[in-house]
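Two complexes follow with subunit A in common, the first pairing it with subunit B and the second with subunit C.
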Partner chain A sequence: MFWRIVWIVARKDLAIEARSRELINTTIFFALSCVVVFSVSFVGEGGDGRAIGDAAAGILWVAIAFSGTLALGRTFERERYGDTLRALLMAPGSRAAIYVGKLVGIVALLIATEIIVVPLIALLFQAKLFEHMLLTSALLVFGTVGFATVGTLFAAMLARARSRDVLLPILLYPVTIPVMIAGVRGTSALLAVEPQLDMARLWVMLLLAFDVVFVTLALWTFESLMTE
Partner chain B sequence: MSVDFVDLSIRELSRNFGRRRALSRVTLDCHAGEILGLLGPNGAGKSTLLAIVSTLAMASSGEVRYGGRTAREAGAVLRSKIGVLSHDLHLYPELTALENLEFFGRLYGLAGPGNVAAEALERARLGDRGADLVSDFSRGMRQRLALERALLHNPRLLLLDEPFTGLDDASTYALIARLRELRSSGCITLLATHDLDVAEAVLDRAVILQDGRISGSEPEVHGLRKRYQERLQAGAAS
Partner chain C sequence: MRKAVVPLLAIAGLIFMTAPIIIVRAPYESTMGLVQKVFYFHMPPAMLMLVSAIFCGILSGVFLVKRRPVYDWMAYAAAELTVLYGAMAMVTGPLWARKAWGVWWVWDPRLTLSLLMWMVFVSYLLLRRYGGPGSEILAAGLALFGMATSPFVYLSVNIWRTIHPLTSVVPTLPVDFAFPLWYAFTGFLVLYIALMLLRMSVEQQRAMLDQLYLESEE
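Right, the complex of A and B next:
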């Protein structure tokens, strides 16, 4: 029952997105703009054309965070338009399943964005993001899940608030700082001249631990937070 | 476990938003096959009352019993017996009419959501518009579709918040006819409205809410408009 509702909600979100392509286009365009602008600032014109320090890792996660915030806001704007979030919450069965369904839709959207952004960063910053594909993928997936877990909860809570666009980043960024730090440090470890694989694995495990904590807290609190 | 019920009992229900009291010790009962009107000016507490009865909001004190059980005792499955329609229509404009109904049918775990959705479309007199996006519909068409969406799972309790807003005469008569059908089938209907002409046409009885309190009970709806205005004037004078 739980996973059936998750699938129904996620499939609905993906069907709407496949039809309108509003979020995916906006999110990807925003993320690409971020990367291109930063690449102009951080990649030296002379010499070997390499970026300064850990710029590539930082810019990858800044692009994920900013475009993720945009996607979160717009996703729940759709639910606000016809007050459909209330209709979802009125369905019998676990309200936490509605939350997980929304989360799956947002994670899918962000991963689609990352599939475009990561090769662009690798190209512009000459970053070896594909040399350790498994670890890079693990960092991106676990980091995205952690960010989206908190973001989906806050965006759902704020869906009916008047200042939701201002409040979402104010609430979201401080709470997701551990995820961002783990993502940046893990990616930097992989992009070092001598890749530090053990360090990257440690950050992956830390991200996994954050995800477990955040998902547990979100599932535990969602129903009571959404009941006015 | 069966969650069906034939009466709704609201006892001493209060709700505070900070220091503001939106509902104050509201008590009322409603039975199967009855349409009870909630009348009152803006901010009287009608929508708050409906939100609590729908399980979307919590009461500060008091309780709502659905055939003797509270929402907590009955569990999430109770929501399969409650239908809600407000002036926000709870529809996705990016989906077609049929996709909207099928989505909610699946969400409610209905057997054969495609067939159920097709039948609901016919009842909404939109059988030939199932493949059209809801964003292309007029307000009246959306309202008819939204009502059938709220009734898709055959709820025992129907909560309507200003369902006649923006409807033309034909759509209003159609909605009144549908509500009478539901009364015959044993549905409990709570209807919050400002439209007293419609209220007289469809309600069995009414309660008047003012400042979160029940200021009057109307067991007979004939001549409701005059009595309602007198009560509001008396309330304003006091």
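Right, the complex of A and C next:
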């Protein structure tokens, strides 16, 4: 029953998205804009087009975090606009399942964005992001799940608050900073001239631990946070 | 509850007035000299800030489960005091760091963790201030997540190098240093309790006022 509700909610979001393609188009374009803005700041003059130091890893993760915030705000804005959030919460079945359904939708969207943005960064900054595919994808997937876990919960609870557009990034970034640190450090360990695989594995484990703790905490609090 | 505020403030005032005398009399630290004396006003607020943040997180968790307003008042007061004490620690810290390390700030685990916890609680206050009705529940969720994130911040930044003195030095301090430290700490603690009680009674009165307002409208 739990997974059936998860599937229904996620499928609903993905079906809306597949028809309008509003979020995917805007999110990818926004991520691209971020990359361009960063290229102005972090690529040295007259060089070989590489980003300064570890900046390629940073650019990747900041682009994900920024475009992720945009997508999070928009998903719940859509629910609010159609006044469907209350209907969703009133639906029979556990609220935790509704949360997980929303989370699955957001993670799918962000992974789709990453599929476009990661090769782009590899191309534009000559970053060797594809040399250790497995570790890079593990970092990206666990990092995205960690960011989206907190993000979905905060965006859902802010859906009814005043000035939610400003509050979402303000609340989200301090709490998800470990994800950013682990993602950036792990990716730059892989991008180093001599890739440090052990270091990257350590960061993957940290992200996994973060995901487990925050998914548990979110499932546990979602019900009471969404009660009016 | 409110009756205790004035005597507590008086005690705190007395301690803060006499603390400089005790601190001046404490011996000089061998390597850092005079600047080490900032320590007596840096470590107590820094420690109380972390304690207060954890306190706020726990109270918020209890509030989410029990929904009794008193836990929310306490959590709100604890969040404000976390921001206040954090500000004190972050003013005194760089003053000391500039002399001891030669820089105002380093991205060391302890410093990063303190800054981020402080930021979580500033965002808590922003949420309560601008979030509109029902924001106390959202803020409770935020405090809970903010508390849960701190071990991860500490772990993740710890993989970089640390230069901040370890807190394990505190129990091993010679008595000449320990006495002024705990004296100042008591001052900060008493002030904390007094402000907490005062802040809670303000919230209580605000709730009472809302109640009376509702009743008069009926």
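Here are a few things to note about the model shown:
Everything below uses one rule, namely that the second predicted complex is superposed on the first by the 225 of 228 C-alpha atoms of A that agree within 3 Å, B and C clash if a C-alpha of one lies under 4 Å from a C-alpha of the other, contacts with A are read in each partner's own complex, and residues count from 1 in each chain.
Keep this in mind: a contact is a pair of C-beta atoms (placed from the backbone, for glycine too) under 8 Å apart; a residue touches a chain by one contact, two chains touch by 3 or more.
Just so we're clear, the structure is a prediction, and the values are computed from it rather than from any experiment.
Touch criterion met: A:Gly82 reaches subunit B, while subunit C stays clear of it.
Within the superposed three-chain model, A:Ser94 lies in touch with subunit B and out of touch with subunit C [touch as defined at top]. When the two structures are aligned on the shared chain, A:Val36 is found in touch with neither subunit B nor subunit C.
When both complexes are overlaid on chain A, the residue A:Ile5 reaches subunit B alone and has no touch with subunit C. Once the two complexes are overlaid on the shared chain, A:Leu153 sits against subunit C while remaining clear of subunit B.
By the touch criterion defined above, A:Ser20 lies against subunit B but remains apart from subunit C after alignment on the C-alpha atoms of chain A.
In the superposition on chain A, the residues of subunit A contacting both subunit B and subunit C are 227-228.
On subunit A, the positions that touch subunit C within their shared complex are 150, 153-154, 157-158, 160-163, 166-167, 170-171, 174-178, 181-182, 185, 202, 206, 209-210, 213-214, 217, 221, 224-225, 227-228. Within the complex formed with subunit A, the subunit B residues making contact are 51, 54-58, 76-80, 82, 84, 86, 88-95, 99, 103-104, 106-109, 149. Those residues of subunit A that touch subunit B in the complex are listed here as 1, 4-5, 8-9, 12, 15-16, 19-20, 78, 81-84, 86-95, 227-228. If you check the complex, the residues on subunit C that touch subunit A are 64-65, 116, 119-120, 123, 126-127, 130-132, 134-135, 137-138, 140-142, 144-146, 148-149, 152-153, 155-157, 159.
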